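The first chain written gets the first letter, and so on, giving A, B, C, D, E and F; residue counts start at 1 in each chain.
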């Protein structure tokens, strides 16, 4: 739920209702680009839980494996106050004790999680509780055992746990990870690697034998480092009139998976340059709309990649 | 799209965007009660077409067989002005030349249409054009040939065609129909049957050998007449604070299919009394919300059927 | 400007902006029924003044003789809080020292005012100040001198002046008045006539030799008394789901002028029964929408007079 | 936070933000009638906590003794879906683990609580946790020890605890209570007293030696039973166009305290009939606005008690 | 109708209703600057048609010659999704088969069209159908025959017709045109003239003996070329915080007609420099508001031309 | 009341209701930073007057000494139209004859005004009428006589009075003033001092023996000149994405009083550099929200002064 723009959360007469969350953001963004995707979570069987599932399903994401908890459980909530320099965006999360935080270690359907081509995870889940952490690790193991690709976005949240706890959890899952996404700052904070982007990517990939490390650099673009080949590519961002930054990291990950072919149903070995360009483009498009959701279609993404001019697009009949 | 309440369409500064249509209303209502349902239509591949498919899919309805027309085609639109006595509701339809009206005779996937337990059709489709009419008839034939149940809601629209044209189209499809839904007035207008409800149902069922005829009577409730057994049942409406009447006929049909077991995946031979009660209850609940959509869940329907009191329902944690 | 419904004015986060005023309400209502009408006032040449003129002109009312005052003058404002029983509607007026209140005695274009078939005045204008009162009286004299019909709606406002002052002003203008409109209570309060409606109308007509007296009786309908013939007719109201009562007296007057033929460009001698029915019908339709404005068209009025059923009206293409 | 009217919570694009809670509702209602009042709670020092305190303080309630918890704690939230018959209102509470639920036994400033003339408590507080229950009981003891009046509204919430637990908590506090407010159903449910209102009041008063028992009877009005004198009075409700029922019990309690003189700074021995009339009137006015808050002023209450007519109130200048 | 800003059309819960169209935009802009103007079109006699006429008339534009088609015809609609770089604005038009597209060759009142000082046409009308094209050409001939000035804005729409068709239609009307407005790109696309602005204007003017050619150059300003004198003037744009670009070309044309004296009732021979400055200024002001409409008054335009500072303007009383 | 953004006041369908005024803005800003503050004014006892007092009190400002005028008096109103370059913000004030303008010379409670540590006045009050001017001067005298600090913000409003009248009023109060706030332009306009900021401050301080002169310089920051010591300090503004400039001067004054210690309950001798930085920071934060109110808390101000990064602030649980 978001405050009206240019009104503090303390003052707003109404809140815009929107659904978001790092994993569902990625699933929606991929579904909108034409991929089959599914999202698994645990939600209360009440109007708020149904709203969340309904908004995710609307984009074509398979929500049939969402676990429905009792109506008296609660969905995780967050309240966003959009800032304007020098006033920052503020986000107030209420995830403690939410239905997903009560997930138990054996709560997920491992067979289903291992049935897709790629399993995408993030570093927020294990921070929500021990059951979440166990289920998260188990799902990566199951997917790997079934020969699937596992991708992971670090997404460190300092308010949920310490860097030390996060590092411990991540080190446990790294052996099962094919592609690691991270912001540069998180790498430095959690793993003590150099602040220089290329060195950071190389160091992390080497230390934990991660096949592919993709680092987002804010206004400096993004880079991908392939450990086996030593290939390192970097692509700049697209100039953007930012409306809402939240969710752009998830759009980047989805765009990268789409463009590189790694997330595709029939994806090939991985076009890293195209992955980075698609990631940057989808992140740019996401930032032009309010809310976590990436609304871009395949056609809009392709249009931006082709560098189409900024004139109004007119469709007439 | 709807005008603000208590503001004429001519005056409204904004329009509420909502998705509706008689067949999708039934599909959504059934999906929300826990049934598997799919909806087939033809939509333009533009934001408005995507919005429609997305809103239907959100409730769990399978939209994978929607036919996507060019972005420059148009979706059917309608504009509602909510009235207050003595000012009636007004609805302005723009369906001519819409993507669905351009459906061609062989445009539907007959195998898919015959793959469900029940195929639900309405009398609006054949009024949209010759292609629609041919595809509509062919789908009933295919479903029947595959041993499926075919249900049909008359829904005569005097602005789209004449009673004579409608009667001709309906007489062509009646041999393939298992359950006929109709308002009492339409029966009289199209088929010249008596205005007395029971006689009307009997006469229509006998004349066209329709196994089951279900007639809605407005404030007088609804009745079902089973031709083979001569059974005739009637159930009263639920007292309702009406917010928006549009869509209540569709909710009734869905409720009847649900309650009678005729629409159910594993439905039995048909509990007509429960069908009528469920139809009336779902229609009542629908009328308490704005928009065509029936938002009721299975739990809400059951609660109303049990006669639960009108106090606030509180869920606490 | 109006508070949101069901929110007290003290609490509302936003106000709906709407334009109203007893004379412009009548002019708009008549223009929407197909009559030529003009409205004369004095407005500040600032955005609020322009908004008022623009909203009146939109309906086809001629506003070319509005007098434009300096931008630093103010338009009359009012704030409405819609009630719900037992909480009454509340209206806070700010008319003192407004541009119209500063109208001077010779401020109006008498030739223009005498150029229409009928000059409609109300008893609010003379309460706003001595200049208003003088200009008001002069305009009636000029219209009469030019052979035009003069109609007057009493509209006594206890917060603006005393019954004694109002009576004095009205007695000065009565010799120039052809049709007097009044609520029953105002007649009793200002002129001490009997509370019984028919007696009240007769007494007032006789005492001031008013050719036609039309009395609105709230839920009891309305009556018209023609002094010369002694004819007295009464018509009941139309059952109405009231959304906003304010402006219904103005709609009644416009409907009466329309229906009786007295306000018509080519109107005949006066069909009082039809005048009362049209007045009641237009007042009923006005009460189904928010704001002072009567939005009814000629077609909607005729439909209601014919007693068309309450079903949704559908226009299809 | 409330869903838009006539939209299910599952569907609403925005939520109206409003502040409510049984004790603050009473404190606000009394402050608006001209009494000095204070409200004590525990709130997180974040925008949502500040919003709550600010909205209560706005009416003149002293919030200087609110306890400010860490910004990462949470305020109790609730989500209301307004119904329309036969669809009930639905309220989803999230109070578990909220800042107030974490109140500790010695967390309240007993001296402050005992500094007013009357301490008003409700039966919701002890249901939130053992710290709340202990602090609640201690505050009643402290107020009584200081010679203050203690009033208590039963407000049983079946979703928070069992009737048995509630009865145990209430029996512990009854020796310190001067005035007990309750709905009739709660008395029967918790204490097994007769369903007949007068007998219920007498039985409860006698069993726990409660000096005054006030019972609300829904559409049947309210009664007051004074144990010492055996006086029993009953007053009917005011006819009301209900917009929102929630908070009407709190408005009743505030109106009773005001009208009876029991809540007044300089209140006399207690005019029970006037207390009941004021309670019913304030409850009626509350129900005409959305949200928990009673917006009525002293002037509006007096106007209703005088039986002023339902015409618009106009204030002009 | 427009989507909420920063929300995709696919996602918006409401649409803002606004009226626009290239010819009515010019008529409104001129009326607001104090000129007499009229607008002729063909609209359905339903709430949407009335809304359009009402919004245009509100500004003082004479709509008395609008042709009213049957209520079941449709008004042209368009849906705007406002972009933010790199996401472009998107406009979805539905003009096919609209009431105006069904205009017949002899449908316009030639005497009325030839009664004003200047007849302004655009290149969109002939693209809507053969009747439109014939009526458009006939109106130019009639106005010229009556000694009126004819102005034409090219406004090529690639989605409505091909450059070849557009060129053919324009070549037919050029002999009757006094002033041609065009964007630079359209000139190059339709007529194959050089991309250099001055050469483009000269070439087009010479080839078709157009007395005055005015070319808008986006951020590069605008130029006017007078064929007889060979005078060529160019003026820069005003720096602008753009809110909505759509309609700025129409505002430019209106500003040019106003400033040059060519559109004025009593206009002199034509001050091209002032015309360009006024065109650029009005286009800049238009872009600061949402919707097609130019809201600028004569005073605001003059203030901008004088270079008044950017401080708030305060009007006090 | 404010128009919707990017909509002209003439066009807006709704107005946002907000409370503002230069003195209450300062009182609220200080209360939100943790200071005790009170605000004195004269308001009508009607919903609009109550709304104003309620919104000010909500932030913890003491409004117990507001003088309540009759309900038929009016509150000062203003209407804001937000601009976008080159269209300026426009503000339409209606203060004439408002309740505060009718304040009488002896209308204020001198003892209360002299009971705080600092009395803050502005140059708008004396422009509203002779009673206001007398009461204003008397309050400064009383506060000084009681040994309190008096601060004054010049705030010249050319639409309310002439520079000559303003200068006369200010010269009368200057002997009682400790701190003078002014924009640079006002100093030059009223007192004919040099346009160079430092010289202007020195000249004014010397001419009227003002102990401290603080001059705001728009984008050039602000300076403070201490007459006794000759100290002169200047601080730059904070880069800001401006949403609404109105009220930033008041936020500056409050920030200066807070930061310098001059406005603090227990403030020390005055840290001018910190005062300027806090003033600039609070003005920057105010400009990021709509409405006059400074919503910044002490924590947000301190965060900005520390130079915290622009990332979203996340609070999780």
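Note that in this section a contact is a pair of C-beta atoms (placed from the backbone, for glycine too) under 8 Å apart; a residue touches a chain by one contact, two chains touch by 3 or more.
Since we're looking at a predicted model, the values are computed, not measured.
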TODO: Among all other chains, pick the one whose mean CA position is farthest from the mean CA position of subunit C.
DONE: A
Task: Farthest chain relative to subunit D (centres taken as mean CA coordinates) - done: E
TODO: Please compute the C-alpha centroid of subunit A, do the same for subunit F, then give the distance between them in whole Å.
DONE: 46
- [ ] Can you check how far apart subunit A and subunit B are, centre to centre, with Cα atoms defining each centre and the answer in Å?
- [x] 40
Open item on the list: For subunit B versus subunit F, what separation do you get between their C-alpha means, in angstrom?
Closed with: 62
TODO: Spell out, as numbers or ranges, the residues of subunit A touching 2 or more other chains.
DONE: 8, 10-11, 13-14, 46, 50, 54, 72, 74, 90, 92, 94, 96, 159, 315-317
Open item on the list: Under the definition above, what is the set of subunit A residues touching subunit D in their complex?
Closed with: 1, 8-17, 46-48, 50-51, 54, 72, 74, 77, 79, 81, 90, 92, 94, 96-97, 159
Open item on the list: Applying the document's contact rule, which stretches of subunit E touch subunit A when the two form their complex?
Closed with: 6-8, 10-11, 83-96, 157-160, 245-246
- [ ] Spell out the part of subunit D that touches subunit C in their complex, as residue ranges.
- [x] 238-244, 281, 284-285, 288-290, 293, 295, 300, 304, 308-317
TODO: Note which residues of subunit D are touching subunit F in the complex, please.
DONE: 46, 50, 54-55, 57-60, 71-74, 297, 315-317
